[in-house]
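Listed after this line are the structures, all set down as structure tokens.
In the two assemblies presented below, subunit A is common to both, partnered first by subunit B and then by subunit C.
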Partner chain A sequence: MKIAVEIENLMFFYPDGNKALDGVSFVVPERSKTVILGPNGAGKSTLLLHLNGLYTPNRGKVRIFGKLINAENIREIRKKVGLVFQDPDDQLFASTIFDDVAFGPQNLELDKKEILRRVEEALKAVDMWDLRDRPPHHLSLGQKKRAAIAGVLAMEPDIVVLDEPMAYLDPRGQEEITAILNRLNNEGKTVIVSTHDLDWALEWADYVVILNAGRVMAEGDKSILTNRRLLEQNGLKAPLLVTLFEDFEGKLGIPTSLKEAKQKLKKIML
Partner chain B sequence: MINVNTIGQYIPGNSLIHRLDPRTKFFTLLVAVFLVFFLDNLVHLGFLLFGVILVTFLAGIKPKMFWQALKPVVFILVLALILQLFFTPGEKLITIGPFKITREGLINSGIVFLRLVVMLLSAYLLTATTSPTELTHGLESLLKPFGRFGLPYGEIALMLTIALRFIPTLTEEAERLIKAQESRGADFYTRGLSKKAQMMLPLIIPLFINAFKRADELAVAMEARGYRIGAPRGKLKPLKFTAKDYLFLFLNLLIAMLFVILKLWGGFPAKF
Partner chain C sequence: MKKSHWHLEDIKKQSRLFNKLDPRIKVIGFFLLIALSSFIKSFIPLFLNLGLAITLVLLARLPLNFLLTRFMYFLAFAGVFLIVLPLMTPGEVAFTLGPVVFSKPGLIKGAVIGIRLVTIWLYISLMLGSTGFRDFLWALSRLRIPPEFIGIIEFMLRYLALFSEELKKAQTARKARLFQEGKSLWHKRTFKILGQTIGMLFYRAYLRGERVYRAMLARGFTGRWQVLEEKKIGRKDVVFFLSIVFWVLMLLDFEYHGLAWRLIWRLLE
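After this line comes the complex of A and B, so read on.
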């Protein structure tokens, strides 16, 4: 297993002296679908801002593909790690979606042909190519979100980090985003997502980090999400599948995806 | 982090000055500003500055805090001093190259300096010792008499409250915007002036759009809670003058009168 992100004893204090991250250590395997879970105020967003050097740690280390983030390689790191903010309105500013997605590549001082290629590719990846000439502020939230993701994809990062990508989206919007994330992962990108939607995490993730009060409480494959006690101790709720199957654990075991659950049920019913 | 600790920042405390009625403090500021322009004598202005410093001391505000708030305007202060110092015609004292310093220039720059410092310090004192809520209540109450001439005093006060309320929100938002654009390779810190101006666009446009959106939502949310422009509203904490307010107002008038007499009498270092 190669490692995409390695965080070692990360400490971060807000300017008012409040501790946001209190010695966070974990790794993100390359090409994984990693979720960072935790209740509100656990430090998820603050942690994500460290992944491409937007925050510099008060203490501790952040390594991207083995390289320590420092002042010299920050431009390189930001090309490798793309960060999508929770609220797309924090990011979209240009008069058309196309121009907005081109903003990142322009900052990289690429030539025109390359910029156009990247913008087209990014917009097609999120299914927004047909809406490229629309002003962002007249789009639906789901479309804005996809545009914001395209803006980051145009930087061609190896690691894509998304802060609560499902927040406020309708079921269809959530499905579309999930499909995009899966596609990115299939292309070989490492995808890191912060969320507190346990049902979605159980279905989608293959690597799980649980954060609470600025500390990592658990880290590993998604069998972590079947541990009700651990989840509840950290302000989270067990996924529906776990709640449903835990009474029959001895007989059926606990499934870690809807597909697996269906198979188990079919087996005993048919 | 963007620095918001400038002039206008409230510094919570429980000093005598903090506990005064906001209207008393408004009135005192008015008296101080009147005196600043009325007096034109270095020594008289010196007395005034001494008085204001005394009040600062009473308010428990350390010189360091005032200095921090003053920093952004120091440039203007120094510029005004230099202009006065070198470009006032009169009796020559010292010559430095093509510039000459005159006796009148020296006195004038002293007066300008004292006037600016007294004004800044008294305005600073008002906002530093009065919470934004009190400030708007005081303003509302002072503007009330003009209501019969059609002045929407309630709305003005509410506008001020909301404006003050959103300063930290907007700074926070600006910070988040900077981060969002930085993660797309934008560089806000190390380029030339024209590049810098260009980089402001991705910052200012979303900031404005979000602010308008927020204003719209706030307006609807307020209406949903029964707010109507122009309609009378109940008072939660009516302002009340206490003994210390009357004492302070009395002292204000007394000091103002003393200064007026001092100037009209013309004596007491009249030469300055």
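After this line comes the complex of A and C, so read on.
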């Protein structure tokens, strides 16, 4: 297994003395669908801002594809790690969606043709090409989120990091984003998502990190998400499927996706 | 779409005649017209110029709603000034309204400035409405306006909208908790709440600024703004530009009696 991100004993204090990360260590496998779970205030956003060197740790190390982030390679790192912010209004600033998506590739100083190709591809990938001439304000939140994702896709990063991409989206919006994330992963990218939606995490993830109060409480494949005690100790609620199946665990085991659950049910019915 | 939220890009699509012209030429052309409007003082060129502005706006078929909503903002700014001016200027009395005295020179001055402002406002609406912000900013950058300056305009436009949205949200949230604005401006609690709101907005704007900057760094921002497009200046643009130059010279000639011809002779010598 190759490693995309490796974090070692990361510590971070905010200027007001607030200790947001307290010795965080974990790895993210390359080409994985990794979910970072944790309750409000766990330190998810703070952690993600370390992944492309926007925050500098007070202690500890962040490695991207084995390379330590430092002042020399920071541009290289930001090219490799694309970060989609929690609030799209923080990210979209240009007067049209098109210009906003072009912003990243322009900073990479690509030639014009390549920039245009990337912008078109990214906007089409999130189904926003028709809205390219719109200014970001007065778009719906789902559209803004998709535009923000396009802005990062156009950088063609190897690792895509998204801070709570599902928050405030309606079910269809969530489905659309999930489909985009899956497509990215199929293209060979490592996708890292923070969320507190465990039902979604159980369905989507293949690697899970649980964060609470600035520490990693568990890390591994998604069987972690069937451990109710662990989840509840860390301020999270067990996924619906787990709650449903745990009474029959002896007979059926606990499924880790809707599909698996259906199969199990079918088997006992027939 | 709500009327107060016109997108300039939509206006541009609806408008005729000028929307296909090169943005650079348009910006320079209209800038000349605006400069001209702020120069002339005599009534004939003033009215001619106003007439041109109105004709062009009609020809460009800018949506009337768009013009009207913007005119309201414009009046709020300029109106007070226009009313006060005739009162403040001393001179021969034209008429009195109770204790208020309107002087003749004051009225004339007010009329001149009023016509000027309306004309300038029409030209600006025409320029922005037929160009859209994006091409407008593009034109500025191609005209060698410093990129930092353009970046600031771009930010301002974007975040002003966000800012007013946040203000509205705060207002709604207060209303939802049954807050009533005081009956007089000096109502103490109203003042306090108002102060808090403004303070909060500024603090939020500051935090937002930090996050925005971080988001820009995340996409590789190095402090340099770049321009994507190239556009070509065509024959239409030249015709447009020359007509404007002709018009400007003509009105200057009117205003300064023969100035234009003297200038032209100077050039030919």
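Just so we're on the same page, the second predicted complex is superposed on the first by the 270 of 270 C-alpha atoms of A that agree within 3 Å, B and C clash if a C-alpha of one lies under 4 Å from a C-alpha of the other, contacts with A are read in each partner's own complex, and residues count from 1 in each chain.
Keep this in mind: a contact is a pair of C-beta atoms (placed from the backbone, for glycine too) under 8 Å apart; a residue touches a chain by one contact, two chains touch by 3 or more.
The shown structure was predicted, so the numbers you read here are calculated from the model rather than taken from an experiment.
Enquirer: State whether subunit B and subunit C clash or fit side by side on subunit A once the two structures are superposed.
Expert: After superposition on subunit A, which the two structures share, subunit B runs into subunit C.
Enquirer: Does subunit B (first) or subunit C (second) touch A:150, or do both, or does neither?
Expert: A:150: touches no partner chain.
Enquirer: Have a look at where A:134 lands relative to subunit B and subunit C in the superposition and call it first, second, both or neither.
Expert: After superposing on A, A:134 lies in contact with subunit C but is clear of subunit B.
Enquirer: Is A:104 in contact with subunit B, with subunit C, with both, or with neither (first, second, both, neither)?
Expert: Touch status of A:104: both partners.
Enquirer: More residues of subunit A are touched by which partner: subunit B or subunit C?
Expert: Subunit A has more residues touched by C than by the other partner.
Enquirer: Check the residue A:216 against both partner chains and state whether it touches subunit B (first), subunit C (second), both, or neither.
Expert: After superposition on chain A, A:216 lies in contact with neither partner.
Enquirer: Considering only the touch criterion stated at the top, classify A:115 as touching first (subunit B), second (subunit C), both, or neither.
Expert: second
Enquirer: Give one of first, second, both or neither to describe whether A:15 is in contact with subunit B, with subunit C, with both, or with none.
Expert: After superposition on chain A, A:15 lies in contact with subunit B alone.
Enquirer: Where on subunit A do the contacts from subunit B and from subunit C line up?
Expert: Of subunit A, residues 49, 52, 54, 75, 78-79, 82-83, 85, 89-94, 103-104, 107-108, 137, 151-152, 155 contact subunit B in one complex and subunit C in the other.
Enquirer: Over in the complex, which subunit B residues touch subunit A? Could you list them?
Expert: Its residues touching subunit A are 1, 173, 176-177, 179-187, 201-203, 205-206, 209-210, 213.
Enquirer: Can you check the complex and tell me which residues of subunit A touch subunit C?
Expert: Where subunit A meets subunit C, its residues are 49, 52, 54, 75, 78-79, 82-83, 85, 87, 89-96, 99, 102-104, 106-109, 112, 115-116, 133-138, 151-152, 155.
Enquirer: Considering only the defined contacts, which subunit A positions touch subunit B in the complex?
Expert: Going through subunit A, the ones touching subunit B are 15, 49, 52, 54, 75, 78-79, 82-83, 85, 89-94, 103-104, 107-108, 137, 151-152, 155.
Enquirer: State the interface residues of subunit C toward subunit A in the complex, per the touch definition above.
Expert: The touching residues are 5, 7, 9, 133-134, 137, 154-155, 157-159, 161-162, 165, 208, 211-212, 214-222, 226, 228.
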